[in-house]
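We just call them A, B, C and D in the order they show up, numbering each chain from 1.
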Amino acid sequence: MSGFPFTTVLVANRGEIALRVIRTLRVLGLRSVAVYSDADAGAPHVLAADRAVRIGPAPARESYLSIPALLQAVRDSGAQAVHPGYGFLSENAAFARALADAGVVFVGPPAEVLEASADKLTVKRRVAAGGVPVIPGPLGAVPDEPAALQAAARETGYPLLLKAAAGGGGKGMRVVREAGGLLEAAESARREAGGAFGSTVLYLERLVTDARHVEVQVLCDRHGQVRVLGERDCSLQRRHQKVLEEAPAPGLPPEQRRRVHEAGAAAARALGYVNAGTVEMLLDPEGRCWFLEVNRRLQVEHPVTEATFGVDLVAWQLRVAAGERLPPQDEFVARGHAVEARVYAEDPGQGFLPSCGRITALDVPEGPGLRVDGAWGVGQEVSPHYDPMLAKVIAHGATREEAFARLDDALARTAVTGVRTNVGYLRAILADPEVRAGRVAIDLLERRAGELAEPAAPADLVLLAAAAHALLRGAAVTAPAVGAAGAARATPDSPWQSLAGFRLGEPSR
Amino acid sequence: MSGFPFTTVLVANRGEIALRVIRTLRVLGLRSVAVYSDADAGAPHVLAADRAVRIGPAPARESYLSIPALLQAVRDSGAQAVHPGYGFLSENAAFARALADAGVVFVGPPAEVLEASADKLTVKRRVAAGGVPVIPGPLGAVPDEPAALQAAARETGYPLLLKAAAGGGGKGMRVVREAGGLLEAAESARREAGGAFGSTVLYLERLVTDARHVEVQVLCDRHGQVRVLGERDCSLQRRHQKVLEEAPAPGLPPEQRRRVHEAGAAAARALGYVNAGTVEMLLDPEGRCWFLEVNRRLQVEHPVTEATFGVDLVAWQLRVAAGERLPPQDEFVARGHAVEARVYAEDPGQGFLPSCGRITALDVPEGPGLRVDGAWGVGQEVSPHYDPMLAKVIAHGATREEAFARLDDALARTAVTGVRTNVGYLRAILADPEVRAGRVAIDLLERRAGELAEPAAPADLVLLAAAAHALLRGAAVTAPAVGAAGAARATPDSPWQSLAGFRLGEPSR
Amino acid sequence: MSAPSFRRRLALGTRVLAAELRLSSEGLLEGHVHEGEARRSLAAEAVRAPDGSVLLRVGGEAVRARVVRQGDVTTVVVGGRAYELRDAEQAAPGQAAAEEPFATSPMTGLVAKVSVAPGARVAAGAPLFIVEAMKMEYVVRATREVVVREVRRKAGEKVALGEVVVAFEASAAGRA
Amino acid sequence: MSAPSFRRRLALGTRVLAAELRLSSEGLLEGHVHEGEARRSLAAEAVRAPDGSVLLRVGGEAVRARVVRQGDVTTVVVGGRAYELRDAEQAAPGQAAAEEPFATSPMTGLVAKVSVAPGARVAAGAPLFIVEAMKMEYVVRATREVVVREVRRKAGEKVALGEVVVAFEASAAGRA
């Protein structure tokens, strides 16, 4: 039926991405196997799969990052293929190699490709040799010895960036503005990287300032064909954590867009890349693009590409892993504009600290042109063990303006209680004049933090809602009395200026 | 901001279509006004609008079909435009005229167009003059007098179709296979048409048998430009009620598709059509197409066109109503395949009788490539006063097979209690070999009613679920005991053949 | 610690099932079902999802169910299909005879038309009344020759599923 | 028939609001709020949606709110933003002083590292411990010079928001 050389696919991940992969597996007629730690028994991805296998206790290192536990789960479930999602072991060459040795298909780059690109410095050298411009910085690992580290940093020059060689998604990454903070930043980055990736190797790069983050989605088959599925702009980041992503990149002159796509394709070719990947680049104010790194997996933000190109990237990952040939480049055509907002369990009013707890109420927005990828639900525990992303809300529109308006309307209809979220912050970003004008840059969110701070609470409205809730509880839902009340009747003399300016779907004052 | 000559739009409808129109109004920055009958106070469309106005008691004739009540609501709310949705007054020339006289924009064909096409017989004559082939039948209204009616029917020949001249959506339509059933069918059709449209005029047509229902989506601006947004196949109907619709029509040879599109455009031109409209045609087994009628409104099934063309048809309706020019035809490009299933509150096990009541539990499917347009929710009353459609589930995919698989998986994840629904029936249709092969025809659902009947209940599974629910109520959701239970452990000797063949996401036996 | 158990006689359509199931502390649901002479063993791993739905795993297959109990009816939705289990103690022992001394509404809706009046003699197959709901109307006909005793609803009135609209004289046949 | 009323002193962040609102039988919510010296009139039409959310209409504007009450906290979500109202009787009369004799966890998470031991003298600004949750870690530092009396959590242990991790000797300053 399916035409695939495998029938059962184990998804070596959790949360929304595991759920999203399982959805595609079902559509393609493939059986799905979920894995879970003790913290995730009863989690949405576990409930959605055809079968679920426990792989260990809550800490990721003992479950989702444990290669032996996952190999055992593959054996127990009889899976013939593994989709790694993003994060965890998705770019781990040892995992891909162990699967290959066991005759199991890894739905991602083959082990050889991961092995040859496991060290990001090697990658940097290889893409540079392929004609792709790279960011200045030593092409070697950060030394353990403090004095040597400080010397290397001095040579690179401040401000600089400490990055985990095995890192991604902002984990194990630190900006260092001056020598004083270097050692502590390195220690902290090492600890974080060790926890997340099992490797503490760091490297240094010059911090390119005032730049935009533009990345190219590539799709490469096993027959040497490289396809470019446009670019995404992910400049809107907070502490190296992407917050809002869009496709295409706004305001890119055609010539720059062409250069960015060519650099992406060149990087993929230089690495002999196979499967879906992302070539991240910085675009400086002069319009020059710099190779940042290659993400050898599906990105969190892949849905904006799916929305504009009308493709299912997970389906393509599976087809490529099955040896299929990609169609010609001109069959991939983008349409309209898409934007994704990441809803995090964090408290913007308290320095964006993570917010753990149990979700007590949840309204998920729906409507034409919207997609919500989440693994949340009422009763769901948001655990301190894993990523704080609750969901991604993706809007598509004919134009950027339409997509942004649709996303804002969707966020206005989103309600989460039990944990604090950044939904209000996301709406503030969407309302920001620089963002609306498309003048995005990596430092924008930091630079405009003041303007993006939570507005004063609409106290009277909040009180009215609390009172209405308390007084209407148990009331007939469609009370004829209310129905008969007819059109809204404001008391004309009440001081409702504050509410008059308040409208769902529009950023409040 | 919006660029529209109006800022507030009243939506003269209810349910999912009112909600869907309001979503687009918000995205376009337009204020929305909902109207509601006493049965709908607290309904989703009322809660979603910026403002809501009561228009009368529950019966449609005194609320959603009452022109005076709606005009009063327009005045009270200060709306400068009215979107009529589908059904109700959407094709009512008197309503459009009254709005035009009041200086209010009607988001649909101008009053002149509706007036000149209000009588479907006139339409038939005009499109025939424009070179569009029409179905044989007298070009006059069915006489009231029984003997005359019988004579007209004899002349047309049985089997024939009685249609409400002002009808649509299967209301007031009856197949008459022999003279004996004619008078009762006419009386029943008249009563239904009177209730739904305020007009009891009927006409006769020869019943074209073994045909497919193929319809063309047209979009026409006020500057004489006609655009064709592909065709839809809506052959899968039960009692003239569309059940499953798809775009593009499966297996249509390019030459036939071109002829169908040309006939659609010719019909629109012959009528001087403006705004979004649908030209319905029958495609007979010889590949000839016959004009059926023109629907002068947005269709229920418009989302399949939106999914394949990546457009927002309501936004285009508003732009055309605002006088905007349409872009060239080659800017409308279709991609992939889309299919829509209509979820009705009806009981397939009891002759598809409508099922009223209050929704007690609801699981709405979500996921990439899915769209659900509904106005349902837990606690929502499904009233006998209005249409039994609860929601539309729309799936898009690269291929027809993928779209169908995605839709089936979505329906498998849909749960409604409190009212009975046709979800199981829809899944049976999706699993039907003729449907899967694309051999759709208007009589398919009737012809294969036996094969599409509810399968025997999986009694043991149902018992296990009831027991699990009763015994786990109040249990810790992520009980470590369950988490620690590891991989599924079947008792190998238990007679689970019945369950082994049962898989969510696949049609059950 | 004794395992919580589920012992019920339930009707599923015309079938009557007697279930005896226990839930172990490890989430294993096991037991038997009796149906007429037959007795089957059942077993499944059961989990309650945070959203209140139920997940069953049997032999590597997963099935998710939404279960709602209201009055004596338990509705189980599986794969989009809803099944109704009725507590069998309350369930009618057999289907009602065809010759009831009244005609009931086949659905909740509005009475569109009443074609008969008290005292009228109505032939088998003739229309008694029409109920209308949403897009559909349903003609209720006499299943045998009857004499109308009482008309309890008139056109325009609401009527619930199973409610008596027309009652007959106990003359012709059947239980009075 | 007397209208149901809502009389509460509630804290919203640092603001304290005393609400007096009544709901008429027609669904009109009316009354006043006192805030310090100020008194404002409030009025809105209020409807409860079938999904339990609340719809307010004021002057032609509609606002939908999701309200959840748990313990003494009422969370109101409007336009995606969540606001927490705390019953003011229980609410602290002022913010806690900066010189608490202990250091608490700023979030629920795992203790990643404890940098101090009982008896240690720690300079202002020096790290005490690190809490880690999800993708983030947070370094808790001494806000003044302190002497550590007790360490209540060690690395790898869970800690809740507001829980004491390190306690100080009451020597240097502040309330003991």
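We take it that a residue touches a chain if its C-beta (ideal position, glycine included) is under 8 Å from a C-beta of that chain, and two chains touch if they have at least 3 such contacts.
Since we're looking at a predicted model, the values are computed, not measured.
Enquirer: On the document's contact criterion, could you list the chains that touch chain B and likewise touch chain C?
Expert: A
Enquirer: A-C or A-D: which has the larger count of contacting C-beta pairs?
Expert: A-D
Enquirer: In whole angstrom, what separates the CA-based centres of chain C and chain D?
Expert: Between these chains, centre-to-centre, one finds 50 Å.
Enquirer: Just curious, how far off is chain B from chain A if you go by their C-alpha centres, in Å?
Expert: Roughly 37 Å separates the two chain centres.
Enquirer: How many angstrom lie between the CA centroids of chain A and chain C, rounded to a whole number?
Expert: 49
Enquirer: Can you give the whole-Å distance between the Cα centres of chain A and chain D?
Expert: Once rounded, the distance between the two centres reads 29 Å.
Enquirer: Give the residues of chain C touching no fewer than two other chains, as numbers and ranges.
Expert: 47-51, 53, 57, 60-62, 64
Enquirer: List, in ascending order, every residue of chain B touching at least 2 other chains.
Expert: In chain B, residues 41-42, 50-52, 77, 379, 381, 477-479, 482, 484-485, 487-488, 503, 505 touch at least two other chains, as defined above.
Enquirer: Please list each pair of chains that are touching.
Expert: Between chains, contact exists in these pairs: A-B, A-C, A-D, B-C, B-D.
Enquirer: Which residues of chain B touch chain A once you look at their complex with the stated criterion?
Expert: The touching residues are 20, 23-24, 26-29, 36, 38-43, 50-54, 76-77, 303, 306, 310-312, 315, 333, 335-336, 364, 366-369, 371-373, 379, 381, 396-398, 402, 405-406, 409, 477-480, 482-488, 503, 505.
Enquirer: Using the touch definition up top, name the residues of chain D that touch chain A in the complex.
Expert: 4-6, 8, 10, 12-13, 15, 17, 19, 21, 23, 25-31, 33, 35, 40-51, 53-54, 56-70, 74-83, 85, 106-110, 112-113, 132-139, 158
Enquirer: Under the definition above, what is the set of chain D residues touching chain B in their complex?
Expert: Interface residues on chain D, with respect to chain B: 47-53, 55, 57, 60-62, 64.
Enquirer: Using the touch rule from the top, collect the residues of chain A that touch chain D in their complex.
Expert: Residues in contact with chain D: 169-171, 188, 191-192, 195, 241, 345-346, 350, 352-357, 360-361, 363, 384-388, 411-418, 420-421, 423-424, 426-427, 454, 457-473, 475, 477-479, 481-482, 484-485, 487-491, 493-496, 499-500, 502-505, 508.
Enquirer: So in the complex, which bits of chain A are touching chain C?
Expert: Spelled out, the residues of chain A in touch with chain C are 41-42, 44, 47, 49-52, 77, 377-381.
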